[in-house]
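Next up: some structures, all given as structure tokens.
The following pair of complexes shares a single chain, chain A, combined with chain B in the former and chain C in the latter.
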Partner chain A sequence: MQKSLLIDADKCTSCLQCEMACSFEHEGTFNPARSRIKIFEFEHGKRSVPYTCTQCAEAWCLHACPVEALVRNKETGAVEVKDDICVGCKVCTIACPFGTVNYNPDTGKVIKCDLCDGDPQCAEACPTDAIVYVDAAWTGLDRMQQWAAETDNKPMANA
Partner chain B sequence: MSYVVVGAGPAGVIAAETLSRLGHGGNITLVSGEPEAPYSRMAIPYLLAEDIQEDGTHLRHGKGHYDDLGIKVVHERVASIDSKGKSLAFESGGSLGYDKLLLATGATPVRPPIPGMDLDGVKSCWTLEDARQIIANSKPGDNVVLMGAGFIGCIILEALVARKVNLTVIEMADRMVARMMDKTGGDIIADWCENQGVKVMISTRVNGVSENGDGTYKLELEGKDSINADLVVCATGVKSNMEFLEGSGIETDMGVLINEHMETNVPDIYAAGDVAAGFDFMTDKHDVHAIQPTASEHGRCAARNMAGDRTAYRGSLVMNTLNTLGLISTSYGLWDGAEGGDESISVDKERSKYLRLNFKDDVLVGTLALGMTQHVGVMRGLIQTKTPLGKWKDVLMEDPHQIMSAYLACAQDASRRIG
Partner chain C sequence: MSWQGQILRVNLTKGTAVAEPLNMEWANAYIGERGLGTKYLMENMDPKADAMGPDNVLIFATGPLNGTMASTSGRYAVICKSPLTDGIGDSNSGGKFGAFLKYAGYDLLLVEGKAAKPVYLHINDDNVEILPADDIWGTTVWNTEEWIKAKHQNPQLRIASIGQAGENGVLFSAVVNDLHRAAGRCGVGAVMGSKNLKAVAAYGTKGVTVDDPKKFMEVVKATHAKLAESGGRQELTEGGTHPMIDMMQEWGGLPTNNFKEVQFKGIDGVNPAATTTPNENGHTNLITNKACFGCTIACGRISHIDPEHFTIKNRPEYMHASGGLEYETAFAFGPVVGVDDVDALTFANYMMNEHGMDPISFGVTLAAAMELYEMGVLTKEQTDGIELKFGNAEALTVMAEKTGKGEGFGKELALGSKRLTAKYGHPDLFMGVRGMEFAGYDSRALQGMGLGYATSNRGACHLKHDVFGPDMEDVSGKGKAQPVKESQDMVSMIDSTGLCLFTTSGWGPEDFVAQLDAALPGEWTLERCVESGERTWTLERMFNQGAGQTGADDTLPKRMLEEPAPSGNAEGKVNELSVMLPEYYKLRGWTEDGKPSNETLARLGL
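Right, the complex of A and B next:
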């Protein structure tokens, strides 16, 4: 069963542990500016929203890449950047309508969430379960709709 | 069913792959006009800068990738199409029949109609072979003149500076990257380049190029002193490759005209990528975008329609991103504003930062950004979904840098209940 990140902004306290963990996992340094997950604050900090790539099925970034540097990991479902192939043209950063692929000027490559190869450190680090790593079936709206339909049909099946 | 795809750039390759993956059967032939493995022109500047080797420009890296997908790659140039007899004639003399044909022949550079453009020392930068020529003919310290500071010119500019040549850029328009940047942004880019030792001459016309007799070349400039160069790189625009369509009955203007199913006016002939004048959903017009995302979307949509899965394409959004010696610029949609719309601008010339948001009512319709590398894509998200910004428009009019907050609050509202 594939898993994905489920984010509940109501539980986020803006402690930034996820950004620290992400940066340390990928860059070996505690630099939130290089984190693949970002916390955005609203209403002057009253509300915080963790935001990262959903590994969307459409994969705009992957389709826009001119050199096949973005590849879907069949195990985790994550779209990963192959650093040795990425030339740094940044087309994926403008093609992704969610803004979750970013250019790293220090390396001349792009960075995005790769689900840490199936062990996402942001979810690991989150002390309030605002970020959890769960069965993909439970995160997407379409899956929820499927679930709703299935639930609705049950009495019919019993009848 | 015989599917023939002419052109092995991104649009053609993606179309051939999509035809294979749809799994409806049939023979798929990809006709490449160049002797190389299918490659990406976008990667050429990185080859020139010696960041990558030639195989790093290849569109696909898997060994046997095309064979595995049942795609037959042939290296031929198409001379003409017999649309009644449904066959292609090759320049080599051979021919190939088709049931469904995709034109994905891309574009070729055009040179200005001035004397000397055919001299040995004047090169285009378009194909892998061009790149090899430029590498062979430029060494550190050489005087190189780049004609044209458009998008392609600016990408090559970066690569030429990496080769440590003395570079002068000559541009006819009143600013750099005139097709993706307004005067404010173009001037910031020019200042940035000048500060890094590149000479930038805007509003300058080259009247002709001639040989000095010592292996160097002289460029005559209108109303200015002439300059000398060891090498001239010409990047003065491209045109869609359509010469072979003569007599085919296929309607064209700047590119091959296609409908929402990527069909030309001739049955069973489709077009995609830089050769196609496809629908632009922001301008409501047909246009040749000549950009990677449009080529990719065209290629996938054309393949579905060719295979019989009728799929209407909603149209493309023009977008570009450029790295000019480390200064990142981005443009989307109606970047020069909409008629009767509003604009919110933030300029910091000292720090080479610029952000311009264009609105029609409370909807974002186009943007320009300099020096922005984080979450750039949300601008596409907001433009493409035509999200009403409501009160967030007022916030953005005050401070365009609140774009990410506005995006999260508005566009993600429905699915994530935030803001």
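Right, the complex of A and C next:
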């Protein structure tokens, strides 16, 4: 079963534990500036929205890469950057419509979410389940269930 | 190790910004943040210097756990001499600024001197610039943050700034960061303003690395889980600190009408239920909760005001969400001034954040002014035509804005309660200690709290000790000195780690120590950490003595010592300070007149 990150902005408190966990997993330090997931705040913190790569099935970044440094991990479905191949040309950062592939000036390579090889640390660190890792085919299940619960099909006589 | 190993020294008179190595001897002796900042202050200025002059030093200090995955790792402290108390000013804040100052590579920022013209500091890793602030001087905190982010094309900048209150020398001005988090107390914003420093903007790409990553992550996982499971933590997440107001009302410790009373008849207009119940227009005040950096509690409240409310009708600029009420703000804009209109309280809160002021000191100062007005000492002509009576919501909201903008009677309120009541001939109406106003707990109903207020180095503060347990067991001074002393040392320790005091809703002392020990080289034991807390406490005391304070300043207003509480659990009682204080001095190893003895100083290496 392929899994996917499911993000529920309503649950995000903007604590940035995910950003620290992500950078720790990939860089060995707590460094939100090098996180592959970012939290954006709107209206004085009324809404906080986690945002990261959704691992497109037809990945623009992967197609744009001239040296084939972006490779699909068949098990996790993630598009991963092969650091030994990446030349830092940044064409993938232009190709990505969502801005989730970014250049790291410290290494001269691009960085993006790789789902931590199937154990995403952002989801692990999130204290409110705003980020969870679920069956990729059913990321809408909770919302479906929520709306289904709104349906009142009891007979009028019992109402 | 989890230090960056360097500090940034900025001299605004000379226009220089120079990095220098962190003094590791001091870091090892004082842990960080509050303790370390106090040590740097002590070594860099004369406590006798004018708090509003160029010789005061303004320090932004982080701790060893800032910027790590330890829960609540965003807490930083602003430390300087306080213009409100003329003693140690030590105020801490959450939000995200502190962590990003550290990510820029600086454990501590030390600001000396005074700029010739308004400036702001832009810190982006090794690039540090002192830039003109002419375009933002005279504007709000909210405008300042927006302007600086746009100017540097960097929405990720984290900004700590002052509003007009800090520029105008309102003695209880705050330094506000991330729009609505504040180093609120002690007038640290006024000191920043006196240096012509409008803002500090920081962004950094230098990660924080811990000494033993594997061990640290194990400890973090365990402490996160412990906090998540605790009932106290869950209550903070759900209600913030606000529910305390119903508890204090029931106990009879909720200061009302400038502490004349201890229970508030308008409680239903200011308690948590008032923020979650729709009003007659169907508007609900509270929207959601929000966390500071690294915080897995998220006690912060986000609220909005009814667009039809008198405070913002025809003022669309205030129809957005922002920081909502917590216990202290609800007390300071509610019971202590007798106001019971939740949206008026929320508007006053917006004013504090937007213009950069301490809600507690503002509210208690306004309460004193209201008492003077009702006594006939102040007249309507002096208060800009406003009926400054207890319970007048308009008086609250108009005066909050006037004080922030430096208009009319707001200029008088800017003095703080001690100077205002003295100016009008009634110094006994000042409700506070060392020039700083009380928080929302009555010293007659909470006796240990009274001793804590009287001995707190920064003036009347409820957050420098933790004796709610003993205080709510019996209403007397008996046996309170020891828990006050011990918790003061413990809080000093926690305040020095870079973490938030509210983690004690789930953690014990050993949890802080385990995180420090994994993050830092060397062996960090509970004994070492608590001794460090005591060292910090004593050093603060020495700063105050150097500034001219004595044991005579360890006192409470006459109202607490001579006027019995009119109702509640403490009905008929006064605070028993004279019983507790000698016992407290003895436990501290201080002389009878409140000076740390030579043996005590030697024991602490001072």
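Note that the second predicted complex is superposed on the first by the 139 of 159 C-alpha atoms of A that agree within 3 Å, B and C clash if a C-alpha of one lies under 4 Å from a C-alpha of the other, contacts with A are read in each partner's own complex, and residues count from 1 in each chain.
Note that in this section contacts are C-beta pairs under 8 Å (C-beta built on N, C-alpha and C of every residue); 3 or more make two chains touch, one makes a residue touch a chain.
Bear in mind that the values here come from a model prediction, so they are computed numbers and not experimental data.
Colleague: Assess the superposed three-chain arrangement around chain A: do chain B and chain C clash, or do they fit?
Modeller: Partners fit side by side after overlay.
Colleague: More residues of chain A are touched by which chain, chain B or chain C?
Modeller: The larger set of chain A residues in touch belongs to B.
Colleague: State whether A:45 touches chain B only (first), chain C only (second), both chains, or neither.
Modeller: Touch partner of A:45: chain C, not chain B.
Colleague: Pick one for A:17: touches chain B only (first), chain C only (second), both, or neither.
Modeller: second
Colleague: Regarding the shared-chain residue A:106, is it in contact with chain B (first), chain C (second), both, or neither?
Modeller: second
Colleague: Measuring by CA atoms in the overlay, how small does the chain B-chain C distance get, in Å?
Modeller: Superposed model gives a least chain B-chain C C-alpha distance of 5 Å.
Colleague: Quick one: which bits of chain A touch chain C in the complex? Just the residue numbers, please.
Modeller: The touching residues are 13-17, 20-21, 23-24, 27-34, 43-46, 48, 106, 125, 127-128.
Colleague: For the complex, which residues does chain A have touching chain B?
Modeller: Against chain B, chain A makes touches at 7, 9, 38, 40, 42, 47, 49, 51, 60, 63-64, 66-68, 85, 87-91, 93-105, 108, 141.
Colleague: Which residues of chain B touch chain A in their complex?
Modeller: Where chain B meets chain A, its residues are 10, 14, 40, 42-43, 46, 51-52, 56-61, 292-293, 296-297, 300, 319-321, 323, 326, 328, 330, 332, 373-381, 384-385, 404-405, 407-409, 415-416, 418-419.
Colleague: Which residues of chain C touch chain A in the complex?
Modeller: The contact residues of chain C facing chain A are 67-69, 96, 99, 103, 156, 179-180, 203-210, 213, 217, 224, 228, 287-296, 298, 300, 302, 304, 320-323.
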